[in-house]
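The same subunit A turns up in both complexes below, where it pairs with subunit B and then with subunit C.
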Partner chain A sequence: MKFKALTAAAALLAVSGTAFAGGPDDDTLVLNGEIEMVTKTAAPEHMENIDEIISGWHFRTDETQALQMDDFENQGMIFVDQAMEVWNTAEGSEGKSCADCHGDPADSMAGVAASYPKFDADAGEMQTVQMQVNDCREENMGAEPWKYDSGTAVNMDALIASHSRGMPVNVAIDGDAAPYWEKGKEIYYTRYGILELSCASCHEQNYGNYIRADHLSQGQINGFPTYRLKNAKLNGSHSRFKGCIRDTRAETFSAGSDEFIALELYVKSRGNGLSIEGPSVRN
Partner chain B sequence: MRLTTLAVAATLLTAGSAIAEIVAPGDVDYDEYGAIAASLTGQAGDAASGAMIMTNRGKGNCVACHDVTALKDAPFHGEVGPSLDGTGSRWSEAELRGLVANAKKTFDGTVMPAFYKTDGFTRPGDGYTGKAAQGEIEPILSAQEIEDVVAFLMTLTDE
Partner chain C sequence: MAKGVKPRVKVPKKAAVGDAITIKTLISHKMESGQRKDGDGNVIPRSIINRFTCDFNGQNVIDVTLEPAISTNPYFEFEAQFPEAGEYKFTWYDDDGDVYEEAKQVAVG
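Up next, the complex of A and B:
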């Protein structure tokens, strides 16, 4: 990475107020000096307007990128540690912890984040990781479900994601998943709000461009949950969707809504082939 | 640019004109290319006010998407739309009025928001709260603000 050169460019940027045509950079994401991540790859067949899919990591500054390359720098990992305590704590009427059924998450949770959201045949519905966790809490532990995208829920989401890091996103979109995927796709291309902007307006037609101070990425969710420097906590994908729709001066959907579950599946499928990075670091 | 001179001229004009007829968003007459021939207010636009509207986040926020050399004092010009340098030479006043009021009439399907429109939205919100819009929807810019922005754009000529 070229810290010095970039800092100089950034200083110039601040002075003159000029945005420079960004595009993704060419850096390589290696986690903890060990795991090489796939951050750019050929788009899956179901993508119509994009040839190459690119992780949001490539659109951040070198400084922000560096924070995600080392678990000791990644403040998202502090929340993963907190979730690990919760993992080992017995709760609810059954007096069980996650660990009682699932042992070490490094083994039992590997690959989970890569394949969710997933259709659950027993429940007859599309399930996100947070929904599955709540099912375990209610049915196996006799414990209260966590509020969608609340701190505890997102931290657990991140613990689970962290054990899939480096594995390719691979969500199923056919069979029972198909109607959810279609619905998510429709939402992705709907121009919401008084500004009449769709996800595609910003993340498909304009990724790489600056919109005011923000460098637009493809809006991928392979890096979720995300630790944001802006609010110093982990953020779930539904909360991000909510913020983006709000910024079109629209009435948003809520975290955990049917709309956002479908949208999560659709957006995740646009990243099929990218490595899971959660918890990633963003500004 | 001679913002000060222009602003003074605009003020004089405003003071001198009769009570204005404001054209409501639903009554605007766009021609087949998306231009609006007549002023929306009957009052001249104030270019200095237009410049402020273009950089104000809660108003036009035009620099979020467009680079404008004359507005460089406001940081962070976007790249989503083309640079607006020279627009006053490229477009007529009527065309610019149409572009700012509803660019979709000029560029089919453009991502540029319509600033003088009050219906036909999907899930319109109450500002940036994420909640549903309450009551009647106001256009993002008022008729006079549109005129002010157009007046400023007309000053962006190729020297």
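Up next, the complex of A and C:
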């Protein structure tokens, strides 16, 4: 399949000239020659303005796409390896590691990233993967929580996501999750900043068009945490939200804030049906 | 020793004699260029991998000099002719004197 992606380069050049420039391509994402990913599918019912949801992978160049198709070339996996060391290291007053309770993450963490953020009835709040990890660190390990979207936290997020790759995003938006989802939706359609842009202004009304020299995607977060070529590290979805709102020249919410947790749930639900790709590679 | 350095190599387990095999290598390393300054304005000293070599059964296959402009986590992909069963040996040389090694056996098949 990788062969296809590379040889398709010449054909693509011809096609993208006639199709709209910067739009999604028709390549197929197969991970390590084994896992076929769903990168385009019908939009979930709750979406009013888009018929087909498309992974951000389709908006990248063939070279960047190829990096994500092979775990050896995906530099995000370096950070997953680092998180694996943390996974096996005992920490905190209880002297326990993640592995002591959860064993091999390939078994225990499969499917986790696909269903988070999730309402935690015991805590009475919406929880992201990073919040769940920190709860575990504080309650079960007696360790200090990690700062939201800090290096270690986002690496662990990626380790957990990597074991759900290929599984469809399926976050619950009804029941207890509904008020969070509504709040997230409101933020998504609110215009922020001096430029008065909402998420929808770019990622719903203009995906496939250029924003300066870059392609606008649908802003799906099925590939988070994402390894970005521009900063050579993994980036969490909240940091991405923050960067976007900053670019509208607004005061942003902070990573881990209630606003971003709600927004993460809403944006993730817009990708219900796409495969989890984290750690993906983007530019 | 620089922190978090881990060499990785991907080589086919077996190959036909005379074939050109694709070798991929990646070493996690921050590749500090020596051009940057910290918060107090002091120059952060240069710390990079300055040389990478690959040898097959004692014979050199590739010898690369790396310069400060090379990005973090240097990745090399190259083809090498496979003459006989043996061992590819990979060596990275760090500015601080450390040497990281990795070796892979390839069988005839």
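Everything below uses one rule, namely that the second predicted complex is superposed on the first by the 263 of 283 C-alpha atoms of A that agree within 3 Å, B and C clash if a C-alpha of one lies under 4 Å from a C-alpha of the other, contacts with A are read in each partner's own complex, and residues count from 1 in each chain.
To be clear about the criterion, a residue touches a chain if its C-beta (ideal position, glycine included) is under 8 Å from a C-beta of that chain, and two chains touch if they have at least 3 such contacts.
These numbers come from a predicted model, not from an experiment.
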### When subunit B and subunit C are modelled together on subunit A, clash or fit
fit
### Query
When the two structures are laid over each other on chain A, which of subunit B and subunit C touches more residues of subunit A?
B
### Task
Scan A:Ala232 for contacts with subunit B and subunit C and give back first, second, both or neither.
second
### Task
Applying the touch criterion given at the start, work out whether A:Thr190 contacts subunit B, subunit C, both or neither, answering first, second, both or neither.
first
### Message
Quick check for you: in the superposed arrangement, does A:Asp81 touch first (subunit B), second (subunit C), both or neither?
### Response
second
### Query
In Å, how small is the closest CA gap from subunit B to subunit C once the two complexes are overlaid?
19
### Task
Could you give the residue numbers on subunit A that contact subunit B in one complex and subunit C in the other?
none
### Task
Would you pull the subunit A residues touching subunit B in the complex into a rising list?
14, 16-19, 21-22, 190-197, 201-202, 205-206, 209-213, 216, 242, 245-252
### Task
Would you pull the subunit C residues touching subunit A in the complex into a rising list?
4, 6, 8, 10, 24, 26, 28, 71-73, 75
### Message
Quick check: in the complex, which residue numbers of subunit A touch subunit C?
### Response
72-73, 75, 78, 81-82, 232
### Residues of subunit B that touch subunit A when the two form their complex
61, 63-65, 67, 72-80, 111, 113-114, 121-133, 137, 140
